[in-house]
Amino acid sequence: MFTNVIKVQSSSMFSCHPVTEKIQNFLDTSQQLEGVVCAFCQHSTVGMIVNEMEERLILDLGKWLEEMAPIAQGYKHDDLHLRENIPADEPKNAHSHLRALLLGNHVSVPFKDGKLQLGKYQDIIMVELDGPKERSIVISIQ
Amino acid sequence: MFTNVIKVQSSSMFSCHPVTEKIQNFLDTSQQLEGVVCAFCQHSTVGMIVNEMEERLILDLGKWLEEMAPIAQGYKHDDLHLRENIPADEPKNAHSHLRALLLGNHVSVPFKDGKLQLGKYQDIIMVELDGPKERSIVISIQ
Amino acid sequence: MFTNVIKVQSSSMFSCHPVTEKIQNFLDTSQQLEGVVCAFCQHSTVGMIVNEMEERLILDLGKWLEEMAPIAQGYKHDDLHLRENIPADEPKNAHSHLRALLLGNHVSVPFKDGKLQLGKYQDIIMVELDGPKERSIVISIQ
């Protein structure tokens, strides 16, 4: 009743998906008026952030993440032949893990009078870092 | 009753403002004994962190953020003439957004016996990244 | 009853310690079925993350953190002779603080039916950044 899972289908290797409306909708259904919502992504190569959903800023974010944790830098996690018990389709995605650690994989947002207390220029955004994939976000209302 | 907004006037482009005492005061008023406090900043160019409020470390933090996301790197978000519906006083602040994403814009801190369970060298600190401005932090007690 | 402290003895300067099982055990004891667990580390030179506990990825993480915030870069926090009231054994650890800020020092994880709602490749991991030391993590069930 207070926990739900939403699915987001990402569209490319890097893409940003605002989920504010989906979370507000679940909050409306819960009929809770005051508390905190936790949105937790169940994947280790996805980020969850609160920031401005401005298209040119999203381009800057993609470029910046590539600078902060570039793809294919001889990461040990990407030596698939040296790892055991991995799926046949295991991707080389160490950079995606590092980018996810930089952003964090969950956010907590207070609500009051049944409304998320986001600022004027804030959205809750899922940041795909190893897509395209279908992703699961657990929403918990406290 | 369990949600409050505190205002912080920042003093410069980059500045750190401990808010531990304000949050503990609100916690005292609430008379709650055990739970978690969420402090959520309603701006996309401000960080919220838990760390040591040591003046020389703050200088290191400012320098490090400038290295991690330097000002004026030809960010697309800073091409104001290519964006629509922006206020007349819109700043060029893509670097501030990226720095805020690096730090995060909210923290959750457990409390017990009515006291925030911070370590000896920990403060809750608002990190202004695009000041000086008046900023709003939503405090929610769960 | 809903707040507990777990201790983790780290093994080296940089080391990763999964604490999922300890947190699930405390959750079992609490007999709560649905909510959010907050795991908050009471130190300013330790990270708390949710990610994949894969040994080669951990090596990548250590190397990446050294690139992002290298040791001994002339940090002002490390000029111990210019700081007042510091313990005799104060370490030069500005880099550890910056790395901790990059990762964050606490996580929030939803649970349902008494089980942490982590993904298949997710663990709750304490990341020691200035060890070896004994560290305290406050666990709060909401």
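So that you can tell them apart, the chains are marked A, B and C in the order they are listed, and the count of residues begins at 1 in each.
Methods note: contacts are C-beta pairs under 8 Å (C-beta built on N, C-alpha and C of every residue); 3 or more make two chains touch, one makes a residue touch a chain.
Predicted, not measured: the structure shown is a model, and the values here were computed from it.
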item	value
Chain contact topology (line, ring, star, complete or other)	complete
Type of subunit A:subunit B copy interface by residue overlap (half), same or different	different
Gap in Å, rounded to a whole number, between the CA centres of subunit B and subunit A	20
Per-residue multi-chain contacts in subunit A, two or more chains	68, 102, 104, 108, 142
For the subunit C and subunit A complex, residues of the former touching the latter	34-36, 49-52, 54, 56-57, 59-61, 64, 68, 102-104, 107-110, 112, 117-122, 142
Subunit C-touching residues of subunit A, taken from the complex the two chains share	1-3, 38, 40-44, 68-69, 75-77, 79, 82-83, 94, 97-98, 100-102, 104-106, 108, 136, 138-140, 142
